[in-house]
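Per-chain numbering from 1; labels A, B and C assigned in written order.
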């Protein structure tokens, strides 16, 4: 197993607030790696730097031995990092099929195809169908995305993310606001995705984190305070302190 | 400005009078732009209807002044515009807050067209002159020259209104809500402040300032149904120059643009043909140096 | 299921043939309809089409990509001035005048797009475009030597020679209509291809969710710049046609209220639809002429209709018709079972 993704001393300061402060972080290929921490620990800010929403104040982001620090989101996406958001981020006014088709199309470059119909359009169609099937939305293919249920919207978003065939998947609280049932379905889906992709996730649901992840990184006040296997984290005194006695 | 220096040494009195004219003109822009800015901060949208309220304020002043006298007519017209603004916000615009902001923009554009046509229907297309009457008709010796009393009233009244608006913004709960609402309306509603009522009042306040600017404009220049279309653009430029959502931006931006226009018209031969371009040129200059305007804060429009 | 949806998409690229053929028939019948049913004239039909072309272009940026420009009349005016200047001062004929005006306006649009699009979005973009239009308006009003000032440039003769051996005489209103109709149909074909191309699909994605489009790997700013430039093509052509139609260009064509008219046409017809802007422009121009026969305050009445649509039917007339048609079909389909149809297809 090799390290596919790492950060070195990654920091983001907003004026005097050190939202993320000198975080070293490494993900091994083919694993599920969770980032946990109390509210305001800097987890989402950390993610936002990884995907290029903000440029870091200091530090480096390295993906497959390439420095991707400060690149804009669309370039980072094309390098093979996909992101799912806390609130499902889909194209509400388009049909499920159109959603996935435009996601697949992104992997075929920017040919406008205005005057001549590109040959690869049929291929795009086939791949879009495959992905819709893979996330289990075939019967909703022609339904407007905004009318889907909460859980189905999440599946669609995951479909959009995997359409780019990313190496690394970043999930920001994939089960936020879900019913217990939907949470379990999402867990199964994450486990399924882990067979093909490396996954980094931010999650509050400790059961999910403990049962799914191989490695856990704990952030508090922008700093990394612990890292290790679920068992190690469970027994870590600092972590328990950070959560103020919350059972982990 | 070497040309201005020349004028200042040859004809100091005329130069000072020109500066005063520029300031009175600027005062109108300040009032109009401040009203626009308050509503803009609230809704995140340029309110085109503001230009129509400005014109309607001028015309109502014109009609009422024949019965009430000029000064009471100006005040009454401004209050009418406040009421009209509040009615428009609470009946129509409120329905659009949940929509994309372009819909509010389009609504105010439609309202602008309708009000301008109503003005044409009632008062006709011919420009109407309105002269200051009574004690406002005379002039006062300011030492350097005689200066029209009405222009001094414009300055005095605008300064008074600005102080009141400033105190409202800084000292009252309403002002706090306006300032907070400009940044984060969700947070304000969490605080449990009655947002719908606040929105209506703020819209009324903004419209009041627009109507007041119209009433004060009427005796200075001729009034015609298209005046709103011209002035709304200038007010919009003042807002951009000063910075969106900024009180001092509207004040400083309005005065500078008024002054620049007056100096161009009176001091440069043939300058009146550049009168309309000056505000745009100034805006481009400011945007190059300070993209968010003179007093612009981060991010309202992003 | 997979194969049926696939073939549905294959079919959709052919689907265009039916609406475009129908549109050609409408164009053929329109003069007759204007004269004998509406008791109006051919010239009005020409005017409707010219603004239909402009609004169709404008809507690529608004209805399809999600950015509202309050300054697109500037492109109409600018192209009109370029053509008129060359025709009147250098005796240029139809093709070179059209070519130069188009190229020059597109160059302007290209530079403008690179300056404005990366720096602004949403309402700020609308306002910057408004400011651009006003600057051009004032230049038009004041640069007397070139633009003719407030009077504009007058006395543009209709083109006499368009194609070798063509029997068309542009001083005949019906012949001029034929020219405009052919251009309108080609413009529609072009915009149909744009909207239904992979490029158009990305525009729709950007309209729905800029962030997600970016996180799919699309350079959103670059797509918006391209959409901006493409959306100026048709107004530029409309501007030249309008110059010939009126026999003059004047600075008022670039005023912000004129840009507002294009916004109104598009919203009335249906911004989220392909055909809405053309329908809206036709209705607007017809209302303008019809209502102005009865009252000089026609703008107020159009304003009332417009405000009504903004408040109660922002999807516009074509959007209402599409929704009604979908409900009819869904009603029929639900008898045989099945999920509701997607409403997003921007086609027909």
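Assume contacts are C-beta pairs under 8 Å (C-beta built on N, C-alpha and C of every residue); 3 or more make two chains touch, one makes a residue touch a chain.
Quantities reported herein were computed from a predicted structural model and do not represent experimental measurements.
Chemist: Given the touch definition stated above, what is the smallest step count connecting chain A to chain B?
Modeler: Minimal hop count between chain A and chain B: 2.
Chemist: Report the chain closest to the protein's overall CA mean, measuring from each chain's own CA mean.
Modeler: Measuring from the global C-alpha mean, the nearest chain centre belongs to C.
Chemist: Please report how many Å separate the Cα centroid of chain A from that of chain B, as a whole number.
Modeler: 49
Chemist: So how far apart, in whole Å, are chain A and chain C when each is placed at the average of its C-alpha atoms?
Modeler: One centre to the other, that is 41 Å.
Chemist: What is the distance in Å between the mean C-alpha positions of chain B and chain C?
Modeler: 34
Chemist: Which chain C residues qualify as touching chain A in the complex?
Modeler: These residues of chain C touch chain A: 1-2, 5-6, 9-10, 13, 193-194, 197-202, 204-205, 207-209, 211-220, 222, 226, 272, 339-345.
Chemist: In the complex, go through chain A and note every residue touching chain C.
Modeler: It comes out as residues 51, 72-75, 77-78, 82-83, 85, 89-98, 101-103, 105-108, 110-115, 117-118, 121-122, 125-126, 129-130, 133, 138-145, 147, 160-161, 163-164.
Chemist: Touching residues of chain C toward chain B in the complex: what are they?
Modeler: Against chain B, the touching part of chain C is residues 62, 68, 70, 119-124, 126-127, 130-131, 134-135, 138-139, 141-142, 255-257, 260, 263-264, 267, 296-297, 299-304, 306-307, 310-311, 314.
Chemist: Of all residues in chain B, which touch chain C in the complex?
Modeler: 44-46, 92, 95-96, 99, 101-103, 105-107, 109-114, 116-118, 120-121, 229, 233, 236-237, 240, 273-274, 276-277, 280, 283, 291, 301-302
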